[in-house]
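For reference, the structures are reproduced in the following blocks.
Here come two complexes built around chain A, the first alongside chain B, the second alongside chain C.
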Partner chain A sequence: MADNNVADNKKFIVSHAPFWHDGSRISLRNYNIALAALPAILLGIIYYGMPAVGVISLSISSAIIWEFVFCRVAKRSVTIGDGSAAIIGMLFGMLLPATAPWWLVIIGTFVAVVIGKQIYGGIGANPFNPVVVAIAIVMISWKDIFDFNEALMNYDLDFVMVYPLAALKHLGVSAVDSFSMGDLLMGKQSGGIGSTFGLGLIAGGIYLIIRGIIRWEISLSFLAGIFIAALIFNMTDSARYAGPVFHLFAGYTLIGAFFLATEDSSSPVNFIPMLIYGAGAGFLTVLIRNIGVYIDGVIFAILIMNLVSPLLDKIRPKAIGKVA
Partner chain B sequence: MISNKELQIAYGLAIILLVVGVLSYAVCPAKTPDQPVRLMFKCVAGKVLFDHNTHTAESGYGISCTGCHHNLEEGETEPQACGECHELESQDEDMPSRSDAFHTQCIDCHKEAEAGPEKCELCHVM
Partner chain C sequence: MIKRSFIGLLKPRLEYGSIEDTPSLKQIPTSKEITLLSNCPFDKKKLLLKKKAAVKTGQKLLLYKESDEYVVSSVTGKVSSISAYTGDFGRSYTAIAIEVADNEEIDDGFKFAAGGSKDATLETVENYLAFAPGNPPVKLFSDKDKPINTIVVCCADSDLLITTNQHVVKSDIDAIKNGISILKTITGVNDIIMVASQSQMHEVSATGEKVNQVNDTYPSALPHLIMKDILGKVVPAGKNPEDIGVCFISAEAVASIGNAFNSGQIPVTKIFTLVKKDGSKSLVSARIGTPASEVFKAFNITLNENDRLIFGGPMTGSSVYSEDHPIQPDTDAIMVQDKDDIPVISDYPCTNCGDCIRVCPANLQIDMLVRLLEGGYYQEAADQYDLYSCIECGLCSYVCVSGMPIFQYIRSAKYELSRANTAEATNG
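Right after this comes the complex of A and B.
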């Protein structure tokens, strides 16, 4: 129904179909994420060799296959073309030690793709980051496999092969002195295949931020949350709590900041909520690391903040187009 | 809407990486070296990470095989693993149980050399 008064007001004019699509697709976003993760994966493969290739390859392919199987069983159209399953598999593999057994990879990608994503309705409908759900479940179920000291005990690389966060937890702050911050940043630390090369992860993250694929608000507030929380702990008792820079470069921090916390459907969409979400996850990470029983807190912190993400989005102004 | 090209990429990726993954697991499994690099002893009091390499290497403590593997005879070069004789629980008075053997060996040597941890929690971690 044409109303001249409204039509005169240029603010309300919306042209009718057909609209012009700029050609970007979900798959392109996911190809970019894969590209951004490549440096970190390559360094993992250089250090850990063919077993790392096996874990990453099997993880990507089994995630795609699980999604294909589920779509067929649920009589939905096959959605593997959007690349989301491949990214889930890739990120899951990056968090694993190179010695992860094949059955763990296959169970993990099942949990991620089917339980973490598809049963909620597929891409964009998952309340939690599927990769983080899967890692949390397999990590609690088979914790010896995620004990990086034990998993990587046959590797003799040219750096300190003790998992930095485990050393901190078990032996205290004095153990941190054996790690140089430069080494940690350059990936010279034991850990997951694709989660140790700090510089590569930062470069990938900056690339994704510039391309507009992930939100800088979440990444930066996550890192700031970790830094500030660790600094507060460190200032209250530097003999018991490690410094903030160590927390930034050790464990899953950087992969969490740029690849896990930023997942679209499980994170808030508005400016203030994104800052609260990121900072909250950062704070919780340090709380779990410093006074919790777990060695690394990134996974559980992100899960908890995923849980409150819909509540954060209630903060006004309301996000345009977002239901609930 | 999914384009055919995207689907083809996904199918291709799934198949190629499945083959690569299976081959990597089958052909190049993570090898256990002949001489251990590090060992993880598991016990109720918390796991112990033992850095075998640092104890044996010349750049480390340079302890000879017989320094610890006490039953090695002249000319023998391949020591047995400790657990082959020292069982988890031992009724035999001449054969200490695994934990007794390790405690005696590790702590005595650490005291003697005035190096290495002597307190429980510095070796045992939960």
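Right after this comes the complex of A and C.
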């Protein structure tokens, strides 16, 4: 046998240009998203205690397990290492009330991971944000669990234990006066475990924008869409419709702006489409909140805009040298 | 390797390296054997050049019957073998190995044909200088179908890390001056545009020609972007600058022409940038055809199993499989990468993050393009998503979060389409 280790028989890696890479990775992006969501989750845990820990942990772990099981069944390479399933679980948990039953969490993560993502072909192929799909389905199926007033009845924290958007819907603008904007921003409102701490979500969002992980165009235009739409309503009839700042800080608005609407695969990538997408989702949110039957509109608004996202992305700059 | 900045919101800023003083040039001693590569596919039946034929330094070697393809021997010696060599995308070359003799003799064929700088003709340049260092694009000058009306002399280097042209500008501006006046005379083109980086502006303006400044970040110095940003002419998708009358030539090639007529000898040493594993750079000069292994010997570089050896720069070069790959007239850099520094390429799908779209200088819709290319829908990619507008800078692969080989997808799609088109043309 010839000796393969002789000096002139070295095998080199012969691959193609470019020979550099900037070192970014999907897993790094997802870990950063988890980091950015941490403040909001921690405040939720401080307020709601062990049940919140239980919901978040179960949500993350079951999402990872569903992904693992599906990859095995479908004979795909197991992709739990990229952190995508963990992020889906985490965000799903953040939207739930701390009292959500265990079976709801497990069904929800199944819907998110398997129906929302894997059956389309896995990461990058989902037309809708998996978390939003799942929350929409469980929200419609088990309405009462998402009635935050009822769900969080047994909690007596040092703030008004009424879900602000529900108060607005059922009692009108006068009820909103009992919430100070500062309290809403500081998370002193009832709601999902990780979706009430406005300041934490904004900080996380800004971190993600600076790191280039989410696209600022989507977040800002979403918030601008909500602000402008709410302002228009408020100006036409301030006795019936709450002011724009309230809409910005209440319900799922901020988690939607920084963590849900910005999901890569289901949102557009060109500049103008991103602005239309974000603003459209913001507008629809306020429309649903103000004149729709649902209390919060963020989830459905994002779903609808996910649907039109591929169409929006047809608006693109002209490639250089393009003939005609 | 330049990594993504913490503030990922900003576009990556890849700056071209610049050299302050004239750095010392390390001369590689002439090796025992050199190899010249001709773009002509190997064809044993039509071979003119014989084995064991004696050649002199600077001698023009015609390769095949009924063809004017030639190489220029960079050494004195005997032809030891003529064989086929296959490069990227199955491109076929003829490799001529020459065993170097002890005594060097200079061939006077060029001197005899050329005379002095004042007698330069397009014919002599075409007949003798196609294989000169920097690869002067001599065929473009006389192409009747595509008349040239502007010549762009690139004094900046087009890929990162490379400082070869910069060195030539620093050390040999007189030859460049001479080369430009020869180019003007022989082509009749008076519109000469010098393109230089900011640090070179002063030196290059000494030539007395119009100098335009090119941005110091990659990929500004690629021909298509120079056309768009400096000349204000956009090259139509799938075309080259020469198709619209602009010929690009590197400063080194101009200097080669200048030097050739000045000295009456075809230049045979190539200057290139050696990038070592630790990223440090050295400027090296070696005879054309010297195997890379001689360069590594001179610099005490050892390559190990699974390292990578690259001819050209980090963004657009091509990797080779043998340490003995020879230095060619267009080899501007040799780069070695340790196996631990080679970024992973993955088969992960596109997640639609849009980083490539924001970085693409040609405004391609890469997220859609790559989905079509992965599925093998090349014609659709060309029709709907501007495949041919790609200027091949490689930034999309550089920033890809999924680690997809996007640039390679694009290149192989272009290659497959051109193959299909040629087959259609020949089969009627």
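FYI, the second predicted complex is superposed on the first by the 300 of 324 C-alpha atoms of A that agree within 3 Å, B and C clash if a C-alpha of one lies under 4 Å from a C-alpha of the other, contacts with A are read in each partner's own complex, and residues count from 1 in each chain.
Definition applied: a contact is a pair of C-beta atoms (placed from the backbone, for glycine too) under 8 Å apart; a residue touches a chain by one contact, two chains touch by 3 or more.
Predicted, not measured: the structure shown is a model, and the values here were computed from it.
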| item | value |
| --- | --- |
| First (chain B), second (chain C), both or neither touched by A:Ser24 | second |
| Partner chain in contact with A:Ala86 - chain B first, chain C second, else both or neither | first |
| Contacts of A:Gly212 with chain B and chain C, given as first, second, both or neither | second |
| First (chain B), second (chain C), both or neither touched by A:Ser178 | neither |
| Intersection of chain A interface sets (partners chain B, chain C) | 25, 82 |
| Chain A-facing residues of chain B, complex | 2-3, 6-7, 9-11, 13-18, 20-25, 27-33, 36-40, 47, 49, 53, 121-122, 125-126 |
| Contact footprint of chain A on chain C as seen in their complex | 1-4, 6-10, 12, 160, 224, 228, 234-239, 303-310, 312, 314-324, 335, 337, 339, 342-345, 348-355, 357, 361-365, 367-368, 386, 388-389, 391, 394-395, 397-403, 405, 407-408, 411 |
| In the complex with chain B, residue positions of chain A that touch it | 25, 27, 49-51, 53-62, 64-65, 68, 77-83, 85-86, 98-99, 102, 147, 149-150, 153-156, 161-162, 166, 169-171 |
| Chain C-facing residues of chain A, complex | 8, 10-26, 29, 82, 121-125, 209-213, 215-216, 264-265, 267, 269-270, 313, 316-323 |
